[in-house]
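Two complexes, one shared chain (chain A), two partners (chain B, chain C).
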Partner chain A sequence: MTLLEVCDLTVTFGRHRRPALDGVCFSLDAGCRLGVIGESGSGKTVTALAVMGLLPEYARVSGTVELAGHQITQLSESGLARLRGDVVSMVFQEPMTALDPTMRVGRQVAEVLRLHAGAESGPARAAVVRMLAEVGLSDPDRVADAYPHQLSGGQRQRVILAMALINAPDLVICDEPTTALDVTVQATVLAKLDEVLEASGAACLFISHDLAVVSQVCDQVVVMLDGRIVETGSVADLFANPQHPYTKGLVAAAQLDAATPGQRLPVVEDFYQPDAGAKR
Partner chain B sequence: MQLAGRILKRLGVFVVSLVGASVLIFVITQALPGDVAQTLLGTQATPDEVAQLRAQLGLDRPLIVQYLDWFGHVLVGDFGVSHLSGDSVISLLLPRLAVTMWLVGLSMVGSLLLAVPAGMVAALKRRSWQGVLVSASAQAGMAIPVFWGGILAVMVFAVWLRWLPANGYVPLSENPASWARHLVMPVVTLSVVQAAVLIRYVRTALVEVLNEDYYRTARAIGWRPMGALLRHGLRNAAISLVTVLGLQVSSVLVGAIVVESVFNLPGLGSLLLTAVAQRDLLVVQGTVMFLVLAVLVISALVDFSYVLIDPRQRAVQEGR
Partner chain C sequence: MKKAQLIAGLLLVGVVTLAAVVSLFWTPFDPIQVVPGQRLQPPGPVHWLGTDGFGIDIFSRMLVGARTTLLVGIISVGLAAVIGAPLGMLAGQAGGWIDDVVMRISDVVYALPALLLAMLLASVFGASTLTAMVSIGVASIPAFARVARAGTLQVMAADYVLAARASGTSRWGIAGRHVAPNIAPVLGVQSSVGFAMAILAEAALSYLGLATPRPNPTWGNMLRDAQDYIFVAPLQAVWPGLAIALAVLGFNLLGDGLRDYLDPRLREVA
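Moving on to the complex of A and B:
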């Protein structure tokens, strides 16, 4: 069953002539995981925000985004607000700044419950603590009473994960969820993400610039370049048989064990040179 | 322990500011041309008579002695006796202090009640006509001098519409309804003028919040823009707004002095103006000392309100 269907999505900001997204099409089935990969500025985050209906008001949008039967581009603000946090949720890139610094994190997680289910504060607290334990926080009671600045980056990202998952959404959008974390923490947070997604059965749109990370979490991948999708396929196919020169570059750069010791490591530019006219 | 250190430091600043202010006030009042002895005796007095009265009032002593005498008494709460009326300065100040406190306090509250919602509209709707309208009105409001606004209000509401008394004051304890009727126009005038300044700060602080990641998080969990701003924006914006509020207290006090004379309210402002005109220097010194004290106390309160608003400040003080 198709959960998310994005069709010919084009987004332009303000007076820019070059669209940030240019005719993007992809679909995602319920419970499946799709990686969106590309360099910064390729339109990954804009895609995520378009699915959330969170594009800034000065963005001009054409095409359709259909999520669980709702036309996102047609919905009113209050219609969108009902979906956000309930049907679709988002894990952001910056755990250090994505939480309100003046509010205890337990209350921030509980808010997601209260906004959608109208939960009472007593049971909400219990559910919050359970969820915090589920995302791998060892002392969930203490964490719930902490302010964001009292937590480490990895802890905060787990709190954000808990916020994204507590309402059992159909789709979780992860926008470079581990980029801001150091590598060891990255691995444990990714493993946890994999585990909780598996347990909840939620679909996932996983955005990253790192093919290695995407291949750990996702089954399908789309490769984005300059606002367009240049290649789509399963993770295995993409690694075995990349078609677009840009994808070839990404794959070569991700396969570190294939590099000859003493030789220069491959970079994307060895395979793909953006033509100067299109880039600038 | 850091909190204790901070309080001590703050107290030190407080004391130094107070002493510094007292010296400045004394020097400046001494530098005023004119003489209370001359005022008391009138233009017919001979220089001998003036000199005799000056000696009697202690005005012929060296300035440093006069200063120490005055400030020493101020420290124990004795602001001296008005040379003109013979009343103690404190007995002149206190009843007027109440009037000014009401005016300033209500105006601060009023300006916040105007500026916060208006600033929210200006920030959220900054790309549409509603926001531009609010910002433009605030700009126009800032250009209005407070006395002109007051006179305009008197013309409209007291002279033409005859809804409110043009001037004067009735103590709250005497007749609450009449007290309120007399205060409405001065308070609204001062609130509007202060709000016009505040709106810009509120807008700037909130626009900053709109660009913050946590605001986006709030939207992503299902808050609508206004809800996200109320729930997660105001408290964060307050951290920078409190500083502005602290700085504005002194401008509200200055505004209050003007408003008091426009509406003929018997507050500290009108006392100060009369005392300056009559060279009743002890009253001038006492009143200004009071105003300085008020500003210092409020800015100290502002400094500590950060601790209440921003949990990160508390962490620093708990010695983390």
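Moving on to the complex of A and C:
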């Protein structure tokens, strides 16, 4: 069953600027995971915001985004608010700034629960603590009473994960969720993400610039470049047989094991020159 | 160090508040009744701070003056905050033409000095504590609106507001749960700075006879009275002047201290 269907999505900021997204099409089935990979400025985050209906008012949007039977581009702000956090939720990139510094994190997680489930404070607290434990926080009671600045980056990212998952959404959008974390913490957070997604059966749109990270979580990948999708396929196919020169570069750069010792490591520019693309 | 600031501020403000409260129940002498035989007494065991040109005990007048000072500060800052802060938040959150209209009106009010407004109100309704409070309060609205708007814009651009929207929080929910708590510290500081300025403005207005009329004592009109005897009894001007300076200092210190105390990030680090 198709959960998310994006069709010919074009987004422009300002009249005379190049579109940030240009005719983007992809679909995602319920319970599946799709990686969106591309360099910064390629339109990954704009895609995520478009699916959430969170694009700024001055963005000009055409095409359709259908999520669980709802036309996102047609919905009112209050209609969108009902879907957000309930049907679809988002894990943000920066754990340092995505939590309100004046609010205890337990309350922030409970807030999401309360907004959609109408839960009361007593049971909500228990649900929050359970969720915090589920995302791998070892001392969930203490964490729930902490302010964000009292937690480490990895802990905060887990709290953000808990916020995204507490209403058991159908789709979780992860926008570079591990980019701000060091590699060790990144691995544990990814493993935990994999585990909780598996347990809840939620679909996932995983945005990253790191092919290695995407291949760890996703089975399908789309490659974005300059606001367009240049290649789509399963992770295995993409690694075995990349088509687009940009993808070839990405794959070569990700396969460190294949490099000959003593030789310069391959970079994307060996395969694809961005200037050639711009002239075209 | 930060804590010392807060404590010093609390102490000074506490003394002013204590004086105001005590004056409600007790003053050593009648603060209004003229006693011709006791004119211009120096400070001593009977009249602690001496007497003024009408023979009235200065200490008693100082106590009652504290009451007016606090009252004017509370009412005018309260008026400015209650009107200015929500307007600024509205402007910052709504943006577009609402922002423009609210802030341009605020600019117009900002261009109008409290003194002019006080003169206008005094000439229409007669000078009183109330006209002083209203004119100082109205003149302070734009400062609150600006501070609230700037803070709101900053908070609205934060990732956690985007995260809150991504969780389905409504516009009003964001205003109440994220914007208000995050701008509360700056509004607190603005209140205490505004309080200090209100004290100065009230002193200036009553010095000019545009606020509380005599014989009711205020620190401002005591300063005015002392001016006539500045060469005979210079200490008479020192007491109200000192009181005004210390009260202003107290509210400024309290504001800075409160800001640090209210901010959970700074509190933990300190």
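Methods note: the second predicted complex is superposed on the first by the 274 of 280 C-alpha atoms of A that agree within 3 Å, B and C clash if a C-alpha of one lies under 4 Å from a C-alpha of the other, contacts with A are read in each partner's own complex, and residues count from 1 in each chain.
The rule is short, and it goes like this: a residue touches a chain if its C-beta (ideal position, glycine included) is under 8 Å from a C-beta of that chain, and two chains touch if they have at least 3 such contacts.
Because the structure is predicted, anything quoted here is derived from the model rather than measured.
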item	value
Combined model on chain A where chain B meets chain C, clash or fit	clash
First (chain B), second (chain C), both or neither touched by A:Ala124	neither
Touching partner for A:Tyr58 - first (chain B), second (chain C), both, neither	first
Which of chain B and chain C A:Ile160 touches, first, second, both or neither	both
Set of chain A residues, in rising order, touched by both chain B and chain C	52, 54, 77-78, 81-86, 89-90, 92, 94, 97-103, 111-112, 115-116, 147, 149-150, 160, 163
Chain A-touching residues of chain C, taken from the complex the two chains share	158-160, 162-171, 173, 177-178, 181-182, 184, 264-265, 268
Chain A residues within the chain B interface of the complex	52, 54, 57-58, 77-78, 81-86, 89-90, 92, 94, 97-103, 111-112, 115-116, 147, 149-150, 160, 163
Residues of chain A that touch chain C when the two form their complex	52, 54, 77-78, 81-86, 89-90, 92, 94, 97-103, 111-112, 115-116, 147, 149-150, 160, 163
Sites on chain B touched by chain A in the complex	127, 212-214, 216-225, 231-232, 235-236, 239, 309-312, 315
